[in-house]
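The two complexes that follow have subunit A in common; it is paired with subunit B in the first and with subunit C in the second.
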Partner chain A sequence: MILARRTSMYMILIALATLFISPFGWLVITALKNTSELAAYPLHWTPDKWQWSNFSRALTQIPYLAYARNSLTIAVIYSVLVTLSSAWAGFGFARLRARGKGFLFGVLLSTMMMPAMITLIPTYIIFAKTGMVDTYWPWVLWGLSGAPYLIFLFRQFFANMPRELEEAAIIDGCGYGRIFWRIFLPQSWPVLATSLVLSFTWTWGDYIAPSLLLSADHTTLAVAVATEYVTPSTGAPINNLLAAGAVMYIIPVLLLFLVLQKGFVTGSSTSGLK
Partner chain B sequence: MTRRGFLTTSAGVAAAATGGGLLSGCAGSVSSDKSGGKSGAKAAVTIMSNGTELGEPAAIKAAEKALGLKLTILKYDLTRLTAMLTAGSPPDIVRGQGAVDAPYLAAHGVAQDLDDYFAKSSILKVGDLDPINDVWRYDGTTQGKGPRYGMAKDYSQDNMIWYNTGLFDQAGVENPSDTVPMTYDEVFEKGKALTRTGKKAKVYGLSFAGNTANFLTMIASQGGQLFTDDFSAVDFSSPEGIKALTWYLKLAKAGITPSIANPDPNGWDWPTFQANRMAMATDGYWFGGMVATDKKSAETARFAPAPQFGSTRVSSCSGATGYWMPKAGKNKDAAWAAYEYFLGGAPAKARAESGGGLPALKSLRPLLPQTEAYQKQAYAVQERELPHFSVISFTPYARLDALDAVVNQVMPAAIKGDLAVGKLADQLNSGINKQLANGKKLVK
Partner chain C sequence: MSTGRLAEASVQSAKPSGTARVTDGRGRGRRPGRGGGMARQQSRVFYLCVAPWVIGFLGLTLYPLGYALWLSLTNSDGISENASFIGLDNYRELLSDPVTRETLVRTGVFVAVVVPLGIIAGLALAVLLNRPIRGRGVFRTLLYLPAVFPPVGAAMAFKMIFDRDAGAANGLLGFADINPVSWLTDPYARYVLMMLTLWACGNAMIISLAGLQDMPKELHEAARLDGASAWQVFRKITIPLLSPVIFFQVITGVIGALQSATPLLLAANPGTSGVTTVPQGDYLYMINVFAQYLAYGRFGYASALLWVLFAVILVITAVIYKLSSGAVFYSFEPEAKK
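For the complex of A and B:
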């Protein structure tokens, strides 16, 4: 009975996993077809001849690695800065007393409800007036200003740490800066991993900000993959190369997740979000 | 550190990092330019374009060298363009579709009148401009007259038809004539005979978009007009409008064409045409640029005149994609030099030779490809079609996207059979006229 129940449970899980992974699987298959097979009917589930060269063509059709470098630079700048600034702010909200702290935290959380599209044009105008368009400074500033969700995550994690830890440090002569750097931050690696994965993924996958703020020569892989696999004469999309480019585009995020997944899972489950 | 110290340090770190240059904020270039986009005393021109339609990065570098200018290419993005115009720092040159954008841009006062530049130019001579460039003219009431606000990079007469002779032979259907346009009823009958459904072969007889631009042409062909005289409203309920909608609904309901209710999974015509699954594709001359990429398709692809709906032979262009210069641009003389280069220089010649569209300068027409059999046939058909081009005026009060959004919202119910033609026309009138009324308030 137990075996039957467990078997049926696994069958359902396998079916769901297959369902969710199928779009990616289809992307990979598309990346391995030639152009005439893409629209064939009846559908070709697998390519007649596997076009592995599509991946090398995708790398050379556009300056793929240069765009990847741009994406990586922005994602690293933003994810490191936003993780540190959010941890810093989260620590303040969790451990320090200040007048209006609760109200400020409420305001901070309410900004999560605001769609980013609303602030898009004013944001552009600010960066244009300050000469930051077509530079990476916006990502530096966004990183330094923290992210509401990550501040919330850190605040919940730090709030759950025992008060005795902080009191013992103060008795030993520690100030709040050292308490944060030497005691709380090293303890919070699961949230740090979560924050790094999330913020890296946000930036790596962001299409709107780079397309708004960067020129074609300085833009990121997200924009380039979506727009540059086209025939020069007609501007028509080259779907199999686009799919190959998209498959390779996913790899860094997958690798980051695989490396940090233990911390990511622990961080999500131990930061008061249970 | 005290509590106060912690808070002070927080603010200090942010300020120091921002002001002190903890990190280099310079964007990395993907081209070989190591200056990071700061090339000394060179004047800079910013162009908002699409993909590589003005050239690959190497071609842009060659243009910089030829012009002695620093060129920055931005991806065309309406949100970014709006933001740039609002910030008072627009690009110097912007992509646009003359046939539907010119009245809107001129009426809203954002586009520069280029007459003086054209008058002085030795590259873009007014006498050499193809008549298509008239869609970029607007005198405040009529499109096709008045100052020039832009110029096409290339164009096509968009209701012409590419067809697959192999599929016509298989179905035993006679090929369209090279000289006499089909009627829309003939197109329907041929499309129906060519359509194949079933497990083994699914072939669309025809592709026909059923959008605002198509209806505009179909109504004009009957001697009617979609817009009122002042362009502040549309009338799909006119006899001409009802006839056009009825024909399209019959086509879409029969599954002869992909439609908004039953879209082609490939998203556009070429992959389906290339896979021998589309017998007729309503696409202009530019589609020949795609045919050139596939030898098998080149053997069977042929070109036909635009079909005729009413008594008037109308073969319009609903794109005329080209470039305009914002009135608020800061660097107009340098921008004009780049404008001349891309629309009349080496890149324009390369575009003409590719066959990806008809050149917007008469002098470039002999460069169109005529090597392959299909290219010779398409060229001959296209030459005979040119005299039937005319400008069909578009409204200055809304963008085409806004009108098509209403069509796409209302049309599926009609295609699926829930909405009668009369009611469809009423809903189109109501939705589009609301857009136009709102738009009119914004034009002084």
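For the complex of A and C:
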């Protein structure tokens, strides 16, 4: 009886897990087919001969590595800056007393509720007028100004650290800058990792900002993969190369997630809600 | 989780600490940078800490927001200089445009399907994976993976599955001798979009799981001892204790789903003008915004549409707050947490 229940539970879980990863699996299978198999009817479930060369063709069909470099540049610029500035602001909200703090914290929380899209059009115009369209400056500015969600995450973490930590340092003549750099930041590595992964993933995955702000040469992998695998004459998508390109575009994010999975899942769920 | 409660918690942590009071008393210590300057120094450092964010907020959020409001009163196309003030014409036009009403209804249906189903699916998975089973870490990871998928990758994967000729979905239908379906066009496109959105319910799962693990076990045990069935315990104890978490998911889920723009990638050839070829069933409110903005260059009109969406979101959020005030149940006061 109990055994039967356990078995059926595992069956359900295995079925669900298969269902959840099947889109990625199908993408890989599609990436390994040749062109005639893509059009064959009835459907070929697996390729007759696995076309590993599709992956190298996907790299040369479009300037893939250049786009990857653009993506990496933007993601690294943004994630490093936004993590540091969010930690710094989170430190202020968690550890320092000042007039107006409650009000500013309210503003911070309400921006988390605001639809991001509404600022999209004016932001484009502002960046166009200041000559920042087709540069990476917007990501620098966005990074420097921090992200409300990450500020909140750091604040929650820092608020739970014992007060003795900074008291001892202040008695020793340490300024708040040093306290932040030397004591709080090194202690907060789980949140630092979470913040880096989250912000990297956001930028790597973002389609809308780069497609609006960057020209075809400077754009990111997200935009290039979605738009550039087409036959030049007809504009028809080349599905097997597109799938191969998409697989190579997704894998870095999955690897990053799997490597930091433990800290990431606990960090982003529990500290976000408590 | 409500904003009010969080603000309260912050006020609480802002209470003066013992140290500060002692140093205040020694205000005449005459040691530069110390003593009486303590409180002042703290607030100076605080402003230094939040300055980057505040400047960014003013320049990159508040100013664009106001700019969007001004744009919505003009016929700006964003490029030519001679945009002129046209008052409320954009708003009048969008109110009388049947497309606005259709996209609003369609988006409403989308939200009403996707948000509850996502939360329920996430909760069910969380309950399943909260039990002591072997390998649950692996299952958690596998079920969570779609939530970290880059949106473009997810859209491409679904495009391949629901491709008319080479897609796995029609392959499966073939086993049952059902003719191939054109999934990515009307009337099926909307279901594919909903599946794509629900596929990422791992986020809801993780949040619910955290809520489940936070729960005091005693209540459940006591209820079981009193003879309550598993379903009764779930309904009368687990759900009420989880209500703040569910409430948080409803708010963020609705705001997120209203802004959904993934069909842009999924349903049409993405690009500046491809947005107008999105199938009718996927022509959501945001798609109309993008069409007005990208394909027709109507920056002013698109801004008006966005301000209406903003207002709708504010109203919906307020209504959800109001409706949930009796239903959301906080198991602990912020004070009790310390």
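Everything that follows uses one rule, which is that the second predicted complex is superposed on the first by the 253 of 274 C-alpha atoms of A that agree within 3 Å, B and C clash if a C-alpha of one lies under 4 Å from a C-alpha of the other, contacts with A are read in each partner's own complex, and residues count from 1 in each chain.
Heads up, the rule we're going with is that a contact is a pair of C-beta atoms (placed from the backbone, for glycine too) under 8 Å apart; a residue touches a chain by one contact, two chains touch by 3 or more.
Just so it is clear, the structure is predicted and the values come from calculations on it, not from any experiment.
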Could you check whether subunit B and subunit C clash or fit when both are placed on subunit A?
clash
Is A:124 contacted by the first partner subunit B, the second partner subunit C, both or neither?
both
Under the stated touch criterion, which partner chain does A:134 make contact with: subunit B (first), subunit C (second), both, or neither?
first
Mind working out whether A:21 is in touch with subunit B, subunit C, both or neither, as first, second, both or neither?
second
First (subunit B), second (subunit C), both or neither touched by A:216
first
Could you say whether A:63 touches subunit B, subunit C, both of them, or neither, answering first, second, both or neither?
first
First (subunit B), second (subunit C), both or neither touched by A:242:
second
By residue count, which of the two partners contacts subunit A more extensively, subunit B or subunit C?
C
A:41 in the overlay: touching subunit B, subunit C, both, or neither? Say first, second, both or neither.
both
Under the stated touch criterion, which partner chain does A:107 make contact with: subunit B (first), subunit C (second), both, or neither?
second
Residue by residue on subunit A, keep only those touching subunit B in one complex and subunit C in the other, then list them.
37-42, 85, 88-89, 92, 96-98, 120-121, 124-125, 128, 141, 144-145, 176-177, 208, 211, 223, 227, 235, 237, 239
Under the definition above, what is the set of subunit B residues touching subunit A in their complex?
1-3, 5-7, 9-10, 13-14, 17-18, 22-31, 33, 37, 46, 49-53, 55-57, 72-75, 77, 79-80, 82-84, 86-87, 89, 199-202, 266, 268, 270-272, 274-275, 277, 286-287, 289-290, 292-294, 296, 351, 354-357
In the complex with subunit C, residue positions of subunit A that touch it
6, 9-10, 12-13, 16-17, 20-24, 26-27, 30, 33, 37-43, 45, 85-86, 88-89, 91-94, 96-99, 101-102, 104-111, 113-126, 128, 141-142, 144-146, 151, 159, 163, 167, 176-177, 201, 204-205, 207-208, 211, 222-223, 225-227, 235, 237, 239, 242-243, 246, 249-250, 253-254, 257-258, 261, 265, 268-270, 272-274
Using the touch rule from the top, collect the residues of subunit A that touch subunit B in their complex.
35-42, 63, 66-67, 69-70, 73, 77, 81, 85, 88-89, 92, 96-98, 120-121, 124-125, 128-129, 132, 134-137, 140-141, 144-145, 175-178, 180, 208, 211-212, 214-219, 223, 227-228, 230-237, 239
Which residues of subunit C touch subunit A in their complex?
1, 3, 6-7, 10-11, 13-14, 16-17, 19-20, 39, 41-43, 45-50, 52-57, 59-61, 63-65, 67-68, 71, 78, 125, 128-129, 131, 133, 139-146, 148-158, 160-161, 163, 165-168, 170-171, 174, 199, 202, 206-207, 209-211, 214, 245, 248, 251, 255, 258-259, 261, 265, 269-271, 286, 289, 293, 299, 302-303, 306-307, 309-310, 313, 317, 337
